[in-house]
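Below: the structure, in structure tokens.
As written, the chain order gives the labels A, B, C, D and E, with residue 1 at the start of each chain.
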Amino acid sequence: MDELIKRAKELLEAGTVKVVIGYENGSADKTRALFAIEPKDADKLIFDSRCVMNLATYITKAEVKGKGKMAITATLPVMRAIIQLASEFQVNDSNLLVLGITPESKMIEFKDLAEVEAFVHKYTIEIEAKYSEKLEKLDKMTPSERWSFWIEELSPCFKCYACRAACPMCYCHKCTVEFNQPQWIPVPSHDLGNLEWHMMRAIHLAGRCIDCDACYNACPLGIPLNLLTKRMLIDAKEHFGGYQPSIKADHLMSTYKPDDKDNFIM
Amino acid sequence: MSKIGVFVCHCGENISATVDCARVAETSGKLDGVAYSVDYKYMCSDPGQSLIKSAIKEKGLTGVVVAACSPRMHEPTFRKACAEAGLNPYMCEMANLREHVSWVHEKGEATTEKAIDLVRILVEKVKYNQSLNAIKVPVTKTALVIGGGIAGIQASLDIANTGHKVILIEKDPSIGGHMSQLSETFPTLDCSQCILTPRMVEVAQHPNITLYSYAELESVEGFIGNFKVKIRRKSKSIDEKLCTGCGLCTTKCPVKKIPSEFNEGLGMRTAIYVPFPQAVPNKPVIDREHCTYYLKGKCRICEKVCPIQAIRFDQEDTIEEVEIGAIVLATGFSVKQPDFFPEYGYGKYPDVITGLQFERLASASGPTLGEIRRPSDGKVPQNIVFVACAGSRDEAKGIPYCSKICCMYIAKHAMLYQHKVHGGKSYVFYMDIRAGGKNYEEFVRRAIEEDGVNYVRGRVSRIYEKNGKLIVKGVDTLLGAMPVDIEADMVVLATAGVANSDAEALAQKLHVSYDAYKFFAEAHPKLKPVETNTAGIFLAGACQSPRDIPESVSMASGAAVKVACLFSQDELTRDPLIAVVNRMAPPVYSSCVGCFLCVSACPYQAIEKEEIKNRAGEVIKTLARVNPGLCQGCGTCVAFCRTKSIDLQGYTHEQMYTEVMALLNEY
Amino acid sequence: MTLGFYPGCSLKGSSREYAESVLAVAKAFDITIEEIKDWNCCGATAAHNMNRELSFALPARILSLAEKQGLTEVVVPCAACYSRLTVTQYELAKDKELKDRISEVNGMEYKGSVTILNIIQMLDKYITPKLEGKVVKPFDHKVACYYGCLLVRPHEILKFDREEDPQSMDEVMLKAGATPIDWAFKTECCGAGLSISRTPSVGKLSGMIVGDAKDRGAEAIIVACPMCHSNLDMRRKEINKYLGEKVDIPVLYITQALGLAVGLDRKELGLNRHFVKVTV
Amino acid sequence: MAEFEPKIVAFVCNWCTYAGADLTGTSRIKYASNVRIVRFPCTGRIDYMLLVKAFDEGADGIIVSGCHPNDCHYTSGNFHARRRWIMFRSLCDFIGIDIRRIKFSWVSAAEGAKWADIVNSTVAAIRELGPYEEYQKVAKKPVKEVING
Amino acid sequence: MSSDNHHSALTELGAELLEQSDVKVTRCYQCGKCTAGCPLAGEMDYPPSLVMRMLQTGRPELEEKVLRSFTIWVCLTCEMCFARCPMSIDIPKMMDQLRQKSLLEKKTNRKAKEIIAFHKSFLDSIRYTGRLYEIGLLADYKTRTLKILDDMDLALPMMKRGKLGIFPEMIKDRSGMASIFRKTNKKHKD
């Protein structure tokens, strides 16, 4: 990725951006986020198949944002997240420059976010086959079986919130779980509280999740919590024709159509 | 620590008949935070309210729960009482023990338990109520009256005479409504047009009234005192300022065979037409659906004959935008049309007609100049049958209600027939004679005793033609249910009065409630008969339910007074039950992260962006802010906000959460 | 194309010409008719007058047999049988307890999966759409289409045509080249079940029907019910007595009239079996 | 043994269903007393988390009811609500919450009889389903046990 | 808990009619449309609307008169009254119920003898053969009513036209048929 390093250096040298966000080698053959501030830091930039973490998580963080204009190494999921965040007024052209990496691992520098959006729209979000199978299996179960499945799966969760930290859409300063007047979600890691936390997270991501699986990858217990968001993704498609992150379009769940289905309403 | 007072009302026996009110009061008294509880026969009465007021003062209550009827009925009453005793009115809540408990459940343990539950829920809610201050909004002192029948005319004149501006819109080319179609009026038999037309002229000439005929409501936004209304003025295809109403065009128009709406299809009109000679405004419109020029691109005869070149073929609809403080709905009613009575052959036999058609036959200005001649061959019917309740009181046909005006107009019709056709025989098939009204019963008696109308108690099963006669198969239930067949020359059906076909759409535009039959709903069946559930919108006449002329007129005057009361104030107060975005100490300022997804969820465009700046004037945070003037308090944003940063006063997160908790804890 | 067939008792006896004409017309349009095996009487008026359970058990047995035989659609030409079968299907669908009880009484499972067609529905679905070009001898007569009671009432259950002034038969006859007249007795009762036990009443009721058809110039009365047919045809003596004159307008089943229009043989259609000679 | 009496919570809007339930009373139509109504200004205000809370606290069934489409006092609160219900209902189903226990309905201010029907049919349906023990088993599980276990 | 006590205004017979045929007699407001359209109202001792009124009163002697009436037997079930009833009262279904009660309590009207005999002959025919055997029906009916000569003028021409089968059509499962009659006939023996 010499091209990436070269461009990052140029941007930092010229002062066009104050920080370049990308990946570097971490311990145990893993990659971690790199925040290049000095041109020389850019030498550490890498990009390969191990780079799956969603870097968009960082662009809403005050510590990063506060440094000035950012450039970011962005794979397709990262770009999707960026567009969704732009639609929610969290980033804009004045504070973010995108150094895109195509699915073919080629770098493209985008003039602005509108270009990023156009690029993102070339690819639709598709649920991977292995997940479709799992979802289908769950659909075939009786509600009671699904209930037991989820209670069992969610039971070990001790609310470390790694899923929340890894999710680019979870940028709220004060999450609902921290809302204590009233205490919506019970604090102890109890089956009920776990269930409510994950249900709430899923519904908050309805129409917003860009299916990057960062939450699942971050979970130390390997809980398949991305199944919940994938299910919401399928429902959005089935009932409302789906969605694509778009800077200007109205949000799927804050709008409606007069003919939304109501066959379940008496 | 809360000091809450619980006041349990017996509502006479309405509540106490099935709920043990003393036990409700006693049990509530033991609830945490309740300082005082009592039951009383009529809590809304003066002594009842005094009981609340003195308790507030003496016990230093911080909150009040009145367990009585629906809050939709008396919440304002009790909040006012609290305010008078120095307690913030929004610290008062009501538990609905009447409509939701005593009236819908049998006497018993479970019923009293439910009453106690409802009180407990509200006690818990009140603990989280906050003192709120009413919002003040200005008033635009112009009224919009929709519908130019007798009710709309009366309302417009009354409002205009109090010195306020009125805009009256009428969908037809002329005002006058159904009343202008009537022959004589019961119970006095004075000529309908003779008493109506002077009022119509007065409307046209009144300096405070702007009349838009051939116009319809396009849209409404805003709220009481501050409506923004768009009016569609349909193109009349003439220049109204130039037109003198000479009528030359209407005599020369070659399309002459259009069934006249005014004559209920019994007469014809031209494509460019004035609906009737006394029309106001007395200027023609072109009916584009029938005009040869609009259909085929050729003709323009009216344009050629018009002495002052007032025809405008290229005229388009215009949209008028006006600011309005109050709206009076006076859109009237319709009568059921053909195919509704296949067993009576309406629409199949030309001599089976509706009551409204009979009015046109009996009217001196009608197609027969007031002679009763049947439509098929113009003969004077020697035997005539009037069928009451044609559609009304007929659950199977979807109209279980009584149309109210038919009993009287049938008596009038039969009487007019007997006056006009000497030696003719008339029969009225009826089930009950509903003649409650000043001089009404006497009028019906006159028809029977003096004019010899044959009243037969029973309903007609079928009407069919045989050898040129209409065979009416009826029954006389007073003769041990004896079948009665009558050979008639003409049959008049007292067709049910129904809501207009566009009533539902109009109600939805205005956000007023309507009943199962699409008649507009009053805010309270007894005490708020001219108000709707939407503040600032009032009802007059038969759009609320079928009613006769005197009732429509009184209702119109009632609505006009309501408008005048509203316009007597320069400012209105509004409940402060609106959404608010939370604020916190710096550096957070608010838990709102400024995603602004709430903006598109808001039905009122009431959410704006607010920038928080530091001393240097730099924007450090952008938050949502609710415009209190625009917010109507639906709470759609509240349930949507991920960070729970917006809350709705009066229905806060804590209040609703607490209610749910209280609901089930001790179920 | 195979269609289930429930003839009912009349079509095997006093109204066999109805069955003959139904089968002839079906054959002419390549429809294979498969009779329900070992079918029983629907119970008619007698059963529902005398014994409610029996009045559901008998039709339910017929429908169970049809289900067993794998039939999905059954045409029931007799209006009375059509009414009984449809009412039973409706009541059993509404009341599970009754359904279970009837299955037990019959010793047969009843699912309620069969679609019941009356003769007009059958014609509308399978024959009239293919009629164009097949009408070789248009039935060029003024006809009074007589629906009777049980084809259209109660609408709540049958959901066929409309109760007052129905049109479906008129439309079929129009396509067969006839001129249906507008008349007043389309759905008045002919006396039906009282034919034998109160013959004079039937003479009067049927008389009014035939009288109105005559007054309005009908050349034939078209029916779709064997009971209507036997009253209007075989009771002509009593009818004429009531009317005080000899009226000889023939009464044809709709399938007979349609059969004539598409050029079928008069005998094949059973026209020779009528009491009032078919002159049209 | 006494018949199981389901606990039912109704979340209703003020302008249509609450008023409709008032009309049920004014019309003196009798219905089952198992239901407790919580009044909201609009179905748009109904937080789906409150539904979950109702189950947490022991509800056996829930009714959510508001204005028919186009009848909303606030123009579109019910439309927004409907869209959320579609997603929420599906999520509940996916999690294994028994969605037969959540009844959604439109009841207008004129439909007093419909309200009685909705309550009665919901009570009958929930009675048939029995107490929501499956959920309660999880909700009532002591916290300690989880920590130790 | 709620109760279904709101039918308490009904008598025992009224409650039975509601239970068995969904007819609530108090719904009738006596408009008479059923009578006006009934083809045989003129032959009834009490026209349909009067029957409704008699039942509404709840007076035992009037209920008794209804059960003993000719009306319930001469009713043709033509469904016209139900079709036009503004209150959708299913009078024909109610008539079925009244007839069966009248039979069960042995209160049948004497004038209805022939009608009932016909129904019985009809059902007997089905009971034994599964299908209607028209000649058998006629013969049985004539023995029951002693109306030997009625309709004889029809029989011969019918046979000539092939409209009367000489032998009965019999279904195979006749024991099944008999069992159906047995099981549904617990209440009344004829």
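In the analysis below, a residue touches a chain if its C-beta (ideal position, glycine included) is under 8 Å from a C-beta of that chain, and two chains touch if they have at least 3 such contacts.
Keep in mind that what you see is a predicted model, and the values were worked out from it rather than measured.
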| item | value |
| --- | --- |
| Touching both chain C and chain E (chains) | B |
| Shortest contact path, chain A to chain E, counted in steps | 2 |
| Chain located farthest away, centre of chain C as origin (C-alpha) | A |
| Comparison of A-D and B-E by number of C-beta pairs in contact, larger one | A-D |
| Inter-centroid spacing, chain D versus chain C (mean Cα positions, whole Å) | 50 |
| Computed distance of Cα centres, chain D from chain B, in Å | 31 |
| Distance between chain centroids, defined by C-alpha means - chain D, chain E (Å) | 47 |
| Residues of chain B whose C-beta touches two or more other chains | 104-106, 110, 343, 601, 640, 653, 657 |
| Residues of chain E whose C-beta touches two or more other chains | 1-3, 80, 88 |
| Touching two or more other chains - residue numbers and ranges from chain D | 5, 30-31, 33, 48, 53, 70, 76, 80, 84 |
| Chain A-touching residues of chain D, taken from the complex the two chains share | 48-49, 52-53, 56, 69-70, 76, 79-80, 82-99, 103-106, 118, 134, 138-139, 141, 143, 146-147 |
| Chain E contact footprint on chain C (complex, rising order) | 9-10, 12-16, 38-41, 43-55, 57-58, 61, 104-107, 149-150, 153-156, 163-164, 187-189, 191-194, 196-199, 201, 205, 234, 237, 272-275 |
| Residues of chain D touching chain B in the complex | 5, 7, 9, 14-16, 18-19, 21-26, 28-31, 33, 36-42, 44-48, 50, 53-54, 57-59, 70-77, 80-81, 84, 108-111, 116 |
| Residue numbers on chain B that touch chain D, as the complex places them | 70-73, 96, 98-101, 103-106, 110-111, 114, 117-118, 121, 507-508, 511, 513-516, 521, 525, 533-534, 577, 601, 603-604, 632-636, 638-640, 648, 650-651, 653, 656-657, 659-661, 663-665, 667 |
| List of chain B residues in touch with chain E within their complex | 104-106, 108, 110, 343, 389, 393-397, 431, 457-462, 473-477, 480-484 |
